[in-house]
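See the structures that follow.
Each of the two complexes below includes chain A, the first together with chain B, the second together with chain C.
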Partner chain A sequence: MLSYDYVKCNDLRLACQELEEGEQVYLLAGGTDLIVGMRGGKFSAKTLVDIKDVPELKVLEEDDRGITVGAAVTLNEAVVFAPIRDNVPILAEGCHSVGSYSIRNRATMAGNICNASPAADTAAPLYCLDALVNIKSSEGSRSMPIKDFFAGPGKTALNKGELVQSILIPRPYPEGKGVYLKASRTGSVDLATVGVAVQRWGEEVKIAIGAVAATPVRAFSVEKAINEKGEKNYADAARLVHDDISPITDLRGSREYRYHMVEVLVRRGLEQTLGV
Partner chain B sequence: MADLKTVGTSVPRKDAIEKVTGSAEFIEDRYMGPMLYAKMKKSTVAHGKIKNIDTTRALKHPGVKAVLTGKEYPNRIGLYLIDRTFLAVDKVRFWGEPVAVVAAVTEKAAAEAVDLIEVEYEELPGVFDPREGMKPDAPIIHEDLANYEIVPIFYPEKGTNIANHFKVRKGDIDKGFAEADKIIERDYYVPQMQHVPIETHKAAVQWSLDGKLTVWSTAQSPNVVRQLLAKSLDMPMHKIRVISSYIGGGFGCKAGASIEGLLVPIAQKFPGHIVRIVFNREEDMQGTFTRQALYSKLKTGVKKDGRITALQYEMVWDGGAYTEYGVNIVRAAGYSSTGAYDIPNVKTDSYCVYTNNSIGGPVRGFGMCEMQWGIERQLEEIARELGMDPLEVRLINGMKKGSTTASGQVIHDLDYDKCLKVVADKIGWGKKEESRDGKYRGKGIAGLVKCPAQPSNAASSAMIRINEDGTAHVMIGATEMGQGMLTAISQIASEALHIPVDKIDIKVPDTDFTPYEWQSVGSRITYTCGTSVKRAAEDALGQIYRVAADLLETPQEDLSFDGKKVFSAKNPDLTATIREVADSCKKCTGEGIAGPIIGRGSFVPTNMTNLDPETGQGNPGLFYCFGATGVEVEVDPETGVVKILQLACSIDAGKAVNPQLCTAQLHGGTIMGLSTALYEEVRFDKGIMLNRNFTDYKIATIDNTPHMDSFIVETPETNGPYGARGIGEQPMIGVAPAIANAVSDALGVDFNTFPLTPERVWQAIKNKK
Partner chain C sequence: MTEKLVINFTVNGEKEEKEVIIGQTLLKFIRDELHLTGTKEGCEIGECGACVVLLDGKPVNSCLILGVELDGKDLITIEGLSKNGELDRVQKAFIDHAAFQCGYCTPGMILAARALLDRKPNPTDEDINEALSGNLCRCGAYQEIREAVKASAEKK
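So, the complex of A and B:
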């Protein structure tokens, strides 16, 4: 049985204060990870601070720096935001692959990365876009690259009292196509067995992979073969991905199948973004 | 069947408006009175002795009213084999078995108190594979098996884990194999699966101050709950009242009695209170019936021309920790063990084996999905060995009028050929599609058959009350769990009674007021309850004619009833409204003729027999329902993902009482079959259920649901009401083998098990290389 105090915040400062002062305080965005996790005994929260209506966190805008996705913006809102669709469709694909429409009505991108699952579907696209995480606390603000934000399964680089204010997809945007390819057991309302993001940047690519290590990872071996050595045989390049990942066996798939699927999806991603 | 007015039309569901508006009442919707909430303490070991249960801290917890352990309530219960207690006594036999129950004034206090109960176990070696469990040196799970009470149509083996060994010996198996040109032999495995109804198990119990027990339950059979409680509590039946709400899906998991008894001893301590338990999803997945896993060996002898001469089937079922119900699934699979095929020489051994896995029990199909998986896969292998068309092999061996089943029962009313041919035609059988974009295409077909697996004396009864204004109430004991029973049954009543269906009211059962029904299981209600309702309607109609004849002073034979008035065919002046007849009819002189009209009808099968203990020969089937599934798939050989391009299903319904509801059952069953074929599998690690909720127990969603073509074949069932037979479970049975046959066709690799998850398909392709 869940039992906790519920605090509704309409003010970013207050939210930071609650986080800093309380014990076992959790931020509640969509709650699609949090409530499920609490019910399953993963978190024991004394207080939930609801940030859904904090105005500073509802920001969804594009400016000189890039696209800012506030922490209370839902995935459904992000998916249809024109600057995302037009400039970084790979991120829209990642967002769209999360759960179901009704889940995405609540779920947020910030919640997705703060939950820090290596299988988070928005993470791999964000890695390929060199996204920045804007962090806020009573002390002030700081930013860090997404790759530093993920610290381990369920672990982020946030310190006590800090929250994610927004995620920035910086300019310049990539030139060229990007795809997010997700393998799952049913292909519908299911977590990724593996997720592969391949983003073309002019003549180069960036590749990131989810659910194959403690955090999402970049496939540097493959990137190097393509970007530096000019490898044109994508099957050969994709094979190198085995060096970049260390998947495990769980209920969603075996280690062996994950190795195989990553290789297949990286090759397909290369074909789809760089052309066969 | 000329001139049917209501039967055969798609009248809207009786419960449609309630369900669509959300006003339909389920157990949790009811305010019943002062409540106590129950929660279970569950075993943390799969097999062990209970050394000690310390409830002191739990009892002291604020809000807690009672804590009960098995010692205080040791009576056994069970439908066929009385092997189960509501709470573990002395020993636990599966992980998650309830060892204590707490009742408190809030659900939260109950849950907290559960954590304060300390249980000490001495762990015992477990049995997790029934094949191991059959070995002489296996740990024994029920030491007392030999002393358990049992319905004498089951055959436990003393001193072992075998709770039932069912045998079929038909013809001469040695001769059959000697005649064969080829013998095909293979092992198959079907894993456990779960029903996942949208509503979990729920029950509430009240002990009144004058000693009457009232039970609200999601059970599929209020009468069986009453019967089992009466027995285990040693109470007379008139002191027990079981009330059924609407049920949010059953699929077998709510058959028999499951959780109601857990609450009774608490209710007895707090008369007037209502003690309620609501299972959460994990409790439902792990603590209630699971479809039994099946390990089987199938050997078939076949002539060059495709004719099967002999079939030898060994089935080892994972009965789980208690097999009170499972023993009958094992029996049903045994006596049906040739599937939809007429095979002269058969030797079957079907074993129900105790293990320390979750309790096995009924699931849509009742053993047929598991058993016919082997049959329908092996037919594919036979066809390949002989270089024949798999459809042809099915048509050659398929049952026809006058065929005999494995138990030697002669079948009359069927058109299995037609069932196969309509789906084959629909999917363009015989036309091989080329592979595209590196993906392979294949087609598969599978047949199916099932009869209700019910005791030969499983009965139904019905009452029809005619109101003063000529409207009517139909009273029955069947439950409505989404299948549409209320609608189909009122159509049968309407047809026989001539009263329009919208003038007929029908409700879910309450054992204090509604007449006896065995169980809403086995796809039998339309037939059995339907027959009793038809008889009750005919009885009421007969009374209407008798009364009207008296009133009009004319012979009964001349009268007709059109739902509004009774009139004489010979003399148009002689007519009486139904009101005049039904409202305590009296003559113009004021002399009374008859009081209110009440029709009654009951049914018990007369065509079923016991089976010979050594040969399994006899008539176990009330009726046999045939059908088929045809599938076209596209497989991505790199990822193993199977895409369904075409899905066609057919069922010989005899007569579709309500074609729309019938089609809905075809769709629902087919999707459930598809879901097991591609996704569903309960995973255990030494008895611990690993995927107990929807994060990792995946079922098909609407995204995974392809377009379906369904065909209702109508070969009338001689003794069914208006020719109807039950079709609820059947559509599921052929889907898994049809899909596997199609994937095999696409890839040239074989599958002896399912689900065909992407990973399993990929693995199979890899192993072939």
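So, the complex of A and C:
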């Protein structure tokens, strides 16, 4: 059995203090990545700081800035939150595609992005929505665009002593449909082999893709063809996605398969959001 | 390093105070310390659902939770579903529909189904699929399981 200290936090200040002062301190949110990772030897923690009941992190609200999802809000709570369902359903889809119902009763959006898997299912929707990550430490607060938060496989832009307090989906919300299309080996309980988010914004689209590079990426080549050059042939536009990605071969699929599937899913996403 | 902590919780309606080793999963704690072996151990990585219990009424994978996280919470295991010797509606329906062969997945399936019916008394097929999405049955009794869940809904 692994041995470490466990600290249950009921206020944010204390959690920040633990992070700043300790060595090998890991935050425990839903634990669905952390506990599996510790058992597999991926993380070696001296202290776990349990933040799941910190009141400041349970915030789930909408105001004139947008929708704020606190770091301790579970994915199931986010999926049924009406402002998310109604205004940014692409994010509800991304959250809903994580694991299984019982996993989503524990798993959080913050944990999903902090684990920084390039395949994180909430990431591609968050990229398309220009989400902001609100970061907190004993020193103060800062926020950064989601695209700057992902720094590499398993790496985030967080400095020592910092934690994610919440994720903001800013207004204005997109006008038009958005879809998250995930290819995986099984219907549920599997990471994405590739995950493609296509969000219409009026006459334009934003496209983000997971599991095809060291971090989630935007498909700028495809976006440019559609948004600037007015490309109407979605199959041709989708083919350009090859310039935006650099997938690898792993147990979920080969590099070639990923190239193929991304192209297919981008085309489908364009059809479903812009109309055939 | 603190090796053990004292936690207070409710298990199947009874208040308990117990020591728990930090680092022990809730699954091991339930089986080895509370001696409630109806909760099963399968994959231990959150993929099979054999270990599902209800924590504050919600189905969760006890292999991905630490025993210490039980502090202050309300735990229901399969042993806690029957009332005064009378099986829960879902349990009866599983028997009536022969919704198992080996039975290893059954405790998790029944608890996940019970929680579904508590939040949606008349679930659709899609609701049932979603609620049981994390519960695998290696014997392949899925058809009968879905029938049993539907039947227990209708009996309400």
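To be clear about the criterion, the second predicted complex is superposed on the first by the 276 of 276 C-alpha atoms of A that agree within 3 Å, B and C clash if a C-alpha of one lies under 4 Å from a C-alpha of the other, contacts with A are read in each partner's own complex, and residues count from 1 in each chain.
The rule is short, and it goes like this: a contact is a pair of C-beta atoms (placed from the backbone, for glycine too) under 8 Å apart; a residue touches a chain by one contact, two chains touch by 3 or more.
What you are looking at is a predicted structure, and each value in this text was computed from that prediction instead of being measured.
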Is A:169 touching anything from chain B or chain C once the two structures are fitted on A? First, second, both or neither. neither
What is the contact status of A:101 with respect to chain B (first) and chain C (second): first, second, both, or neither? second
First (chain B), second (chain C), both or neither touched by A:119: neither
Between chain B (first) and chain C (second), which, if any, makes contact with A:90: first, second, both or neither? neither
Residues of chain A touched by chain B versus by chain C: which partner has the larger set? C
Thinking of the overlay built on chain A, is A:252 touched by chain B (first), by chain C (second), by both, or by neither? first
Classify the contacts of A:261 with the two partner chains as first (chain B alone), second (chain C alone), both, or neither. first
Look at A:225 in the shared chain and tell me whether it touches chain B only, chain C only, both, or neither; answer first, second, both or neither. neither
Regarding the shared-chain residue A:189, is it in contact with chain B (first), chain C (second), both, or neither? both
Doubly contacted chain A residues - partners chain C and chain B: 1, 3, 36, 100, 187-189
Residue ranges of chain A in contact with chain B within the complex: 1, 3, 36, 100, 183, 185-191, 193, 251-254, 257, 260-261, 264
Which residues of chain B touch chain A in the complex? 107-108, 111-112, 638-639, 641, 678-679, 683, 690-691, 695-696, 698, 700-704, 757-759, 762-763
Which of the residues in chain C come into contact with chain A in the complex? 1-3, 5, 21-25, 44-47, 49, 52, 58-61, 63-66, 68-69, 71, 112, 130-135
Interface with chain C, chain A side, in the complex: residues 1-6, 8, 28, 30-32, 35-36, 39, 48, 50, 52, 99-103, 105-106, 187-189
